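First subunit A sits with subunit B, and in the next complex the same chain sits with subunit C.
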Partner chain A sequence: MLGLERRSDVPAWIYVAVPVIAVLLALAVGAVFLVFTGHDPLTVYRVMIQASFASTFGFADTLVSATPLILTGLAALVSFRVKLWNIGAEGQLYIGAVCASGIALLIGESLPGWANILMMLAAGAFGGMLFILIPAIARAWLRTNEIITTLLLNSVALLFINWLIFGSRSFWRDPAAGQFPQGLRIPDEAYFPRWGATRVHLGLVIALLAVVAIWFVLNRTRFGFRMKILGDSESAARYAGVPVRLMVVAVLLLSGALAGLAGAADVGGFSRRLDPNSLAIGMGYAGIIVAALSRLNPGSVILVAIMLGGVRNAGTALQSLPERVPMEIAVMLEGAILLFALGSEVLVRYRIHWPWSKGPALDASPEEAEAT
Partner chain B sequence: MRRLTRYVALLAVGGLLLVACEADEPEDVVDPDEVEEPDEVEEPEEEPEEEPEEAEEPDDVPWAGYEGGEDGVLRVAYVYVGPVGDAGWTYSHDQGRQALEEAMGDQVETTYLESVEEGAPAERVFEDLAREGYHLIFGTSFGFMDSMAAVAPDFPETVFEHASGYTKLDNMGNYFGAMEEPRYLSGMAAASVSETGQLGYVAAFPIPEVIRGINAFALGAQEVDPDATVEVVWTSTWFGPEIELEAAESLLDRGVDVLAQHQDTPAPGQAAEERDAHWVGYHSDMSEFAADAWLTAPVWDWTDYYVETAEMVWDGTWEPREVYASMADGMVQLADYGPAVDDDTQAMVDDRAQDIIDGTFAPFTGPLYDQDGELRVEEDVEMTLEELLNMEWFVEGVIGEPGE
Partner chain C sequence: MPTTADDHPAGTTNGPGRDPVVEAHGIYKTFPGVVANADVDLRLERGEVHALLGENGAGKSTLASVLTGLYQPDAGEIRLDGRPVVLRSPREALAHGIGMVHQHFKLVKRFTVAENVALGDRTQPILMSAPDVHRSVVELSERYGLPVRPDAVVGDLTVGEQQRVEIVKTLYRGVDVLLLDEPTSVLTPQETEALFDTVRAMAADGKAVVFISHKLHEVLSIADTITVMRDGGIAGNVDAADTSVRELAQLMVGREVMMEAPGGDGQAGEVVLELDDVSVDERSRRGRLDQLSMTVRAGEVVGIAGVSGNGQRPLAEVAAGLIEPDRGRVRVNGRDVTGRPRAARKAGLSYVPEDRIGTGLASSLSVAENLQLTRAHRPLLDRGRWSTDARRLMEEFDIRAPGPSTTTSSLSGGNIQKVLLARELAADPDVIVAASPTRGLDVGAIEFVRQLLAQRREQGCGVLLISEDLDEIRALSDRILVLYEGRIVHECAAEDSDVTELGLAMAGAGS
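Right after this comes the complex of A and B.
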């Protein structure tokens, strides 16, 4: 009978092979779709790689797109590690952007640029934390489902930033933009430095530092150790004397802060104003995908974010092909990659038991298998 | 873009579910691998020159001019905010692009990018086009303005033309049209057909451009029927067929019998058609979507502007302009009438159109009163362009708030 059996030990190569195969399979499925819609998959993929990875400027823009994804990926990772499901990175990112742009506008030119930038980063993280505070407390003390609260707050945040820019004469809106509402530009001093002539900005450095910091917290601190225990079993954690409620709040706040930083990075490095159009492109939701594909490894988050950033950026390049491949193909590929990567996770942990292979059948755990 | 967000959200939920399922396994916690130090940061860019970015004001490099290209072909790119199939704003620009190809034949080669995100994400798109060697790049949404202005100084040999904005640089001009003129005429047609005198307006965002259009429509209607009212519903969309349909239906529910609109879709027309009401479209001739309801529409015709601009670039005579073109220029027009507009009405509206084209009539001429009955513009005084571009109040007879 065909079935799955748990691997007793997972060979190292499989951690690399499975994701690679998953991406290849996703590309294969995408190819079938492309062929049926009358496009040449090889050309399409070549153009995508060319546009996003093979040219200096293309790759630079891929890094720009990857920057917020690294941070929102970390935000999801931190909470998922302890089986808390913060789906609200999207909203926390918006509010982080609101706070970061607000502080930059408040400070104006009264402080040197570096001080302004530091304040923006702090404000961004603070905004993200603020916005997850209520779900965190509700989860810790009332056991309210944080998936629902954080998810619903995303809509609140979206409506809020739209109202700030399009619906009111708020502090964030440019009073001079009479013809079409838009955010007020932050002062030049508060712009994040950029790398040469590219748009790669300080946010990337911050994101990479955040990766290192999160890795350190998870692996080298008591807090990280407690997270590990809590992630394994809440009752065990309680038994071991871990202050579970405080841990829940702290982890969610950390998650919110990371998402808020992504918002600050957008304001300082990319949009340079509170811009709902450039914020509301699903970077927070994509962070969930990044965390899932990275198998909750901080280091892998970087690679996954760069890959997804590249896939997304390739969308417009496809339109330059004479036969105009719809840019939605990029979104479709993103979905296919996710699906295969997650599906193949099973193969990391289990091996397929073919009907014709010998030995004990499925579902038997290794110990049981030995016993029989 | 909302659509994209929705897809991503769906994907994310899928991902979450899978992670959640996996996480239930008592996992032998894989020790998180060493952080790979990202060498990517160091990579891009050999020359760390001080980049001349974000110049709001013209820098000192004058526009260098088109030099014939390698193959003697002028390469023209269009960047659209919506899909070319929107039947509205973007469609009208793409008609202009096609007309340009027809007019200049082998001299030009055009391309377009559709559904490009506004704001900072567009910067990349404009830069890529400039780097690919397009000589003339049109960006047709207000939200592209700052991106174009950020990129333009780096490519002094490329001409940037931006629709609906106000930034002018050495190699960037802007253009727009006096849509209030045909708007006014469409209001006349609407009031002539209306039996109740209650007109409805499916409005986009409460900004001067939209408010100006509503006022022009109301003033035109009131020329025919001084008691005509215009009820306004805001949708906060430029392209959102479902919301626009709902807004149209809510107006029809309130007894409105002619609808006008500002968005890019024919959805209000379809709502009107279903209720045997009438409809004034926008942007392009949308009559095919609701032929019985169709009255007419204020429409764009970008052909002349695009051909003229491309020829100037070709000749090397181009220089940055700020164009606000009128019916006399042909950039804004009134579309063909539908069967519901009788001959007398057509003749009356056409006369008025001629006055506008001749310059003997301007829609926004006093006395003009606001919603509170306060005199805003004195008798025989014409509102200035400046005032029109910043109009934030509704004229008498408009029902609704000029803001949210």
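Right after this comes the complex of A and C.
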């Protein structure tokens, strides 16, 4: 009978092989679509690789795309670790950007640049926390489903930033911009430093520091230990004296703060203003994919974010091809990668038992087992 | 309408006929990493009560599931009346007259007894004929001594009653062979006696009854034939008439065991745990407490007997400070710790909860981590010390695990419980609250756990032992309290405890 069997222990190579295969399968599916729309998949993929990974500047841009994904990936990771499902990183990122740009504009030139940047980072994190506060409290005390609350708040946040820039004469909007509304530029001092002539900015360093910090928190602190217990079982956590409600709130706030930092990084390092068009490109949702593909490992978040960053970055490059490959191919690949990765999760945990493989489904047959 | 086999009208039995009715030959069943059944032979005859005895994990349930079509054997053959058959599903097994009552019931709580009985019977027309089903239920329950009301809603019934519904359900489908998987684990002594009468009536009617259990006394008193399983294989097959508890225990474990923990003469000291007029009234807590007062003294084991759901869980959790009672106080060593678990621990209390996995232990964590679960920690952890601690405790408590970083869930049941006990006892408590500390363990591990508790008692620790296993309560306790509907309804010294009296008290009929 065709069936699945639980693997008793998972060989290490599986963890590498499965995501690689997921990506290859996603590329294969993408190829089918490309063929149907009259493009040569090999050319398209070659262009994508060249654009994102094969040149210094291309790779630098990939890193720029990866920067917010690392942070939103971590945001998803910390909440998923305790089986809290914050899928509102998208909205928390927007509000983080609102707060970061707001503080930078308020401070103006009254503080030295480094202080302004620090304030922006703090404000970004604060904004993300603020925006998840209500879902967090509702979850901790009323057991309100955080998936729904955080998801709905994403729309609220999107409408809010659009309103700030396009729908009102707010503090964030550039009063000089007439026909085409846009955000007010933050002062030059508040720009994140860049690395050489590339667009790689301080945000990447912050994201990498965040990875190290999260790793440390998870593995070396009481807070991380409590997260681990709570992630295993709430009842065990209560038994062990973990203040469960406070932990739920704290973890969600941490998650929101990381997403908010990603918003601050976009403002300070990339668009230099509150720019809905630059923010609303699904970086928060992509964080969920990053966390899932990284199997909730902080270290792997970096690699996965760079891979997805490359795919996203290449999307832009594709448009410059003579035959104008639609940019959406990048979005589609991202989705396909997630689906295949989730699907292949089954193969990590289970082994397929084919109809034609006979005998007992065990490493050793009963006879062998008995002989030992 | 397609039917899978010849239809059995309700209550039909085939009179005593050719033996054996069911034979299993060379059954192998493996799960990844586990050989659950290895070369198992079993022979069931009409009119006999055949006990399947074995420690937990011996493979009893697996064998029963193979015989009832739930699992397909990897190798081996099942014969019915001498003819080989393949049972592809429980439905097919039922069609062949083989039914099973599982450890976990499979009833629809919102349905009535009659509806549950009729459920899954494909001979029923789409609109079932309620009077017919009712009549059959009444008839069967009278014939086999299984008092159930056909129109009662199953969710309102006690566990014992639900079990009767399960049995009626299989009888209604006309089984000739009935397998009961650990049926007494949820019953009071009186209910157990009633079940035994039913089992005897079914056997007298020519049915083959397989009675699965790990309790030696029970098996001896009900079975005609006893097949003992160990490690997935058959350890022996004996006639109940010429065997003994000792022999059976030895077959089960593979060596001599000592089940009575050494009890010294009780010189109880200071009060170490005191519950003072405690009430808990919360439905979600599975049971309530009603103005309950009790004490545990140093060097004494107080056993709480009772049918599960009569307040055991809130009693344990209130004592451990995990839930705040609606009224009353809890004191450990004289200190008020009501509703404050960490204060209770600081005052010298250890708690071994009933749910090891999921409450007492976080099973996806490592052994070393679980050994630290209830300790107070600084903000930064000293993991190096954790693994030295773990190694020491693993040695001291004989925890068989590859190492401190092994995932706890991969250990065997006995070793999992040892991890929990090691942590709780290493805290050097003055009072231990232990809820069902040996439930589901194999004989070897039960022996170990009991010795540990007895040894602590010797050293002057007070123990509050909450268990549904009356034998265990009687073997370990100095004093026995019977808990019924949240109140202590009976109290006696363990030496002069009387099973009948205890059983009556447990059923709420105490003096």
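Rule of thumb we're sticking to: the second predicted complex is superposed on the first by the 357 of 372 C-alpha atoms of A that agree within 3 Å, B and C clash if a C-alpha of one lies under 4 Å from a C-alpha of the other, contacts with A are read in each partner's own complex, and residues count from 1 in each chain.
In the analysis below, contacts are C-beta pairs under 8 Å (C-beta built on N, C-alpha and C of every residue); 3 or more make two chains touch, one makes a residue touch a chain.
Worth saying up front: this structure is predicted, and the values here are computed from it rather than measured.
Applying the stated contact rule after C-alpha superposition, one finds that A:I229 touches subunit C and leaves subunit B untouched.
Within the superposed three-chain model, A:A240 lies in touch with subunit C and out of touch with subunit B [touch as defined at top]. When the two structures are aligned on the shared chain, A:I14 is found in touch with neither subunit B nor subunit C. When the shared chain is aligned, no partner comes close enough to touch A:I49: not subunit B, not subunit C.
Of the two partner chains placed around the shared chain by superposition, subunit C is the only one that A:T221 touches, whereas subunit B remains out of contact. More subunit A residues lie in contact with B than with the other chain of the pair subunit B and subunit C. Comparing which residues of subunit A touch subunit B with which touch subunit C, the overlap comprises 228, 231-232.
Residues 1-2, 4-5, 7-9, 11-16, 18-20, 22-23, 25-26, 29-36, 38, 40-41, 43-45, 47-49, 51, 53-54, 111-121, 123-125, 127-128, 131-132, 142-143, 154, 164-166, 205, 207-209, 236, 389-390, 392, 404 of subunit B touch subunit A in their complex.
On the side of subunit C, the complex with subunit A involves touching residues 28, 30-33, 35, 38-39, 72, 74-75, 322, 341-342, 345, 351, 353, 355, 358-365, 369, 372-374, 377-381, 383. Here subunit A touches subunit C in the complex through residues 1, 5-8, 220-223, 225, 228-229, 231-233, 235-241, 359-363, 366, 369-370, going by the rule given at the top.
By the touch rule above, subunit A contacts subunit B in their complex via residues 56-57, 59-61, 63-64, 80, 83, 85, 87, 90, 147, 162-163, 166-168, 178-182, 188, 191, 194-200, 204-205, 208, 211-212, 215, 218-219, 228, 231-232, 266, 270-272, 275, 277-278, 280-282, 285-289, 291-293, 295-300, 302-303, 306, 313, 316-317, 319-320, 327, 331, 334-335, 338-339, 342-343, 345, 349.
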